[in-house]
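Shown next, in structure tokens, is the structure this report addresses.
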Amino acid sequence: MIRFDTDYAEGAHPRILERLAETNQEQTQGYGEDEYCRQAAEKIRGACKAPGADVHFLVGGTQTNTTVIASVLRPYQGVLSAQSGHINIHETGAIEATGHKVLALPSDDGKLTAEQIGEYVDWQALNDSAEHIVQPGMVYLSNPTEVGTLYSKEELTAISTVCKSRGIYLYLDGARLGYGLMCPGNDLTLEDLAKLCDVFYIGGTKVGALFGEAVVIVNDSLKRDFRYHVKQRGGMLAKGRLLGLQFLTLFEDGLYFEISAHAIRMAEKLKEGLSALHIPFYMESPTNQQFVILPDVVCQELSKKYAYEYQERIDENHSAVRFCTCWATREERIGELLKELEQLLLAYQEERSMEALG
Amino acid sequence: MIRFDTDYAEGAHPRILERLAETNQEQTQGYGEDEYCRQAAEKIRGACKAPGADVHFLVGGTQTNTTVIASVLRPYQGVLSAQSGHINIHETGAIEATGHKVLALPSDDGKLTAEQIGEYVDWQALNDSAEHIVQPGMVYLSNPTEVGTLYSKEELTAISTVCKSRGIYLYLDGARLGYGLMCPGNDLTLEDLAKLCDVFYIGGTKVGALFGEAVVIVNDSLKRDFRYHVKQRGGMLAKGRLLGLQFLTLFEDGLYFEISAHAIRMAEKLKEGLSALHIPFYMESPTNQQFVILPDVVCQELSKKYAYEYQERIDENHSAVRFCTCWATREERIGELLKELEQLLLAYQEERSMEALG
Amino acid sequence: MIRFDTDYAEGAHPRILERLAETNQEQTQGYGEDEYCRQAAEKIRGACKAPGADVHFLVGGTQTNTTVIASVLRPYQGVLSAQSGHINIHETGAIEATGHKVLALPSDDGKLTAEQIGEYVDWQALNDSAEHIVQPGMVYLSNPTEVGTLYSKEELTAISTVCKSRGIYLYLDGARLGYGLMCPGNDLTLEDLAKLCDVFYIGGTKVGALFGEAVVIVNDSLKRDFRYHVKQRGGMLAKGRLLGLQFLTLFEDGLYFEISAHAIRMAEKLKEGLSALHIPFYMESPTNQQFVILPDVVCQELSKKYAYEYQERIDENHSAVRFCTCWATREERIGELLKELEQLLLAYQEERSMEALG
Amino acid sequence: MIRFDTDYAEGAHPRILERLAETNQEQTQGYGEDEYCRQAAEKIRGACKAPGADVHFLVGGTQTNTTVIASVLRPYQGVLSAQSGHINIHETGAIEATGHKVLALPSDDGKLTAEQIGEYVDWQALNDSAEHIVQPGMVYLSNPTEVGTLYSKEELTAISTVCKSRGIYLYLDGARLGYGLMCPGNDLTLEDLAKLCDVFYIGGTKVGALFGEAVVIVNDSLKRDFRYHVKQRGGMLAKGRLLGLQFLTLFEDGLYFEISAHAIRMAEKLKEGLSALHIPFYMESPTNQQFVILPDVVCQELSKKYAYEYQERIDENHSAVRFCTCWATREERIGELLKELEQLLLAYQEERSMEALG
């Protein structure tokens, strides 16, 4: 089985494994208070040009979202998210399990707009029954989104402005941040994120690490006692240096950006190939996730050799599916996948022609 | 100010106050373990023809919804509700505060259908990522709904069937149940509810009591230790007999139905009057809540003497508003309100004609 | 059955019932935003000489404790309480259900000391593993305590000082506050409480009301959006005026203090009588709760006519029990109870003498 | 700095790192549904002789305790634990954050007894106010305990029996289970645990893995939908195979037991050395944790070269401290530590003699 279903099918970038092996016998203090975590945090502050930011390392994305969001909100507050946001549909209610409502807003492209955020916040605040309605306390964005789209600097700036004007916090989930930053059309930098967001995270799990996400807290009022939150939510790794070492490796020589760029090159190659095959796209995405619409019979055949992620039913005979590239994607595999698709589609068209002639 | 905004503007039916005064010096055991609670529970079991049901008395609606729902669900489960459901939009996230997601489904008339429930449950259960998605564990219906509509026996039977077939629980919020039961077109009885639902509540606050809701648990598997839940969620009244006495008064001679019928007669009179004035209805409702669309300037004038509830903006110059009748509504007040509306609308039309001539 | 087990066996002071009856047909706005609530809040601010305090009315004690504590604490914080504190042992884990640990400290008399609070807070803050330990964020005191003891002004001042110096909040549960304030030896006033506590509540349920507790928030930083908390925790009564009316009645002519003083006179009479019978006290209490140690056989006989509350086993043949007086206690009942006890103890002693003689 | 403060100062057993490197480029399905997890689960079932058990892999201990406990309890239930239990004092209220009270029972040696469990459960169940008291729903034991003590088979059997008789669940935290199993005096096996407990976990983090804990669910009624709980609590690792691979390596050739035995040999050597130096033990422990009482000045000197864990103050001049051995402890280091201690104690005694001579 060749997997294009996710960007976390392989282990870690080899340099990370080497680093783990080299330092294996060292003894360090636990719980993220070691030298590697300190160095990695410093590298990340440097990359974000945010010398005053707090950086914390957690193990996975759901844990990170839950810990950050629960640390920010007051009990009667909720978090605004696109309907398609990971916290709204793919975390088994982890946010609600900490007592907070996810306030889902409609979105066609996985993104929120400054306008819809402003309108919702004002509608609640000015409502006659305001106290009976969950108060939005923060905004959750993912960038890239769950459907592979990206925020522009202009869009994120507008959202940041509307959040500040309403006194609510802005949080960005960067599970696939590297892939977003290295897209050709992207105009956002880590420095921009540090200026526009109150808190965000740089994803490692999907971008070359074995696991790990680096939370960057920029707003001073969100920094207090964050390690208590991490411990309480089960995210404080005993051997915390494993996280520090990985992020140090990713951020000391630009490895994070280099491997992200590779994935995007692979995605572009895939995208071009899919276009050339006249396969319709479900969502236009510049990132490492490509969403297309395929006949169900093609999907079925394809799944004998290739893993893709099922997205949703389009009509009686078609479905949307996702192909992911990542830091580990080998170029020849893209070619093989495209070839396979070409043959399956050809066979499918022939069969349909036969039926039509039937 | 004459209030038509809610059905809880007055105190309680006089017979309830008399009863409280008569028994005031009696000493009873606390926390709902007194003779009045026992008798009231028995009366309600009788009215529901459900001799095996457990009946518990709580103080208010949000508390009741929270306590029941949190008692039923497993931590990773959520509750299906219409988008417009009270638990979804008017309880400040009380359900989420107990750790559970409200799974809101779209609805034009405040009602869920058996079909959409079945589809959602199946979609989640059969999803490749099922474990990453909140599992629906129960259905929440309100009857009458928040927009004054009613479930028919056929509809509720279909929902009950789909719930049973999928192994999820059915809960009905009867905050205004009396008003629903006494509507001319209604074909549901308390006995039907006890057969079709796993648990439901009979509202007192809006139907003649000072406060109080009677939870009827029909399904044996939901009965265990319910009083622990009530205590933990803050709903166990020290002088529990106050609840028992009120429901005993409402249910021993049919008072609950009698006063509900009065409210419906008042609502019909109001509805006829509104129709006669050619005021467009926002929602067709047979119950004690009537929703109409009025010009904003009419609303503004009206609000100097009459309280109504603002519903939502319809267009630049019109809004939807709610008028409620209740057990305490005096017939002459309906006439006065209609007269006032007539005059305001006449003035409005004249002004508009003038403008048009302008 | 004549009840001395609790102070909430009767209904309400007759003046409260009269008031409810008089205003029954009035229409008011819901959820505590009516004129009666406003007036009652003003009266309470006056009684506390705290013109800037926010006053909110909730239905019951567990609900009040939960709402206040959950509104104050950050997620990783806990509340310090005496081991015997109501929140620790008699609220079915309601505090924990909102996510917070009750940090129980040992106490022989139901009271905490400034010293033990300071020591605990410092121990946690200075601990090498501080982030692995729940951080104390507030102190919960009950006054009178659950075992009938009282804080002196000196003790409460010391606790207030230690709380301020450590940056933690002080909350006082005054479920039986009236009875405490009217004890002969008491030197605390409502004004003192408003100066020394950040937030406290004045109990109505046990002191003459049908139900209701008045939360007084003195510290500005705890005031924000408190009504959201009340709504979310299920404590916002639809007909909120019922609470306002009751507290207005209790606080406009000093009724609260007058009826509390009556209960204390009754308790003193009872205490003198128990002493005269040489019945050993389990706890020395100046308040309306009297705790004595009785032979089990005496308890058993007594319970045929009189209700008391069982406290705990003392030895194989003796138990501690509680007798409560309250605003409604009739003086002749005290005499009857004492007479009954005298006879039962006499019979018991005779029987024991017989046995000794064998 | 040479660390004896914890048993998680190093990385992982080299065979684990090799395995990770070998499989690094393989593509596997995510979230623990890969072949390595399946094989590891099978090995563990084999080691426990529990073919019907469910085995799940989580990242860390606090996460595991939280997930298991929250999956077992009903909302109004709590978990019985020794006062010194990890969940009670070292997890920042993670259990309470899921809504459940830790019911802490006193213990001198970190262990609970069947008798005290039975007494507590019966006291609550038979209490007049049972519904006002948190209901014990399960028992939490750690073995070895936090103070290095062990349950005997007889003790655990008695506890299991009392749990079954009262209908409450038994959960054993085996963060250091390997070290317990390999102690000379230990008479418990994995098979015994699987017979006596409803659910337990085999710790990897402290016993040779980079991280990871293997939950073994024996009782069928606790198996349902456990993966939903894991996902919701943030414990479902995207690259789940990292956990599977580690446990497979530990359990396929007995590596887990072999390295545990090494740690115990090191601990025995340390213990003998400490005894020979006449250093008083704070707690008699047969396990890899040794607790002794040292003069503060000795501690201070020692900490310049050696890391130990501070336990608690014993008197004005002495403290209890912990030394841990582990799978990675090198024998020569034990000798060096003992030598250092010998010299420091000698110097201390000389100084004290000088002072005494004055």
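The chains carry the letters A, B, C and D, assigned in the order they are written, with residues numbered from 1 in each.
Convention: contacts are C-beta pairs under 8 Å (C-beta built on N, C-alpha and C of every residue); 3 or more make two chains touch, one makes a residue touch a chain.
Note that the coordinates shown come from a computational prediction; the quantities given were computed from them, not determined experimentally.
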Farthest chain relative to chain A (centres taken as mean CA coordinates): C
Chain pair with the higher count of C-beta pairs in contact (B-D, A-B): A-B
Whole-Å gap separating chain B and chain D, where each centre is the average of the chain's CA atoms: 51
Distance between the centres, which are taken as Cα means, of chain D and chain A, whole angstrom: 35
Mean-CA-position distance for chain B and chain A (Å): 41
Set of chain A residues in contact with two or more other chains: 75-76, 91-93, 97-99, 131-132, 228, 231-232, 236
Arrangement of touching chains [line / ring / star / complete / other]: complete
Chain A residues within the chain C interface of the complex: 31, 70-71, 74-76, 98-99, 131-132, 135, 225, 227-229, 231-232, 236
Sites on chain B touched by chain C in the complex: 1-3, 6, 8-12, 14, 17, 20-21, 23-30, 59-63, 66-67, 91-94, 97-98, 205-206, 210-211, 228, 231-239, 242, 307, 328
Chain B residues within the chain A interface of the complex: 75-76, 78, 89-93, 96-102, 128-129, 131-134, 309-310
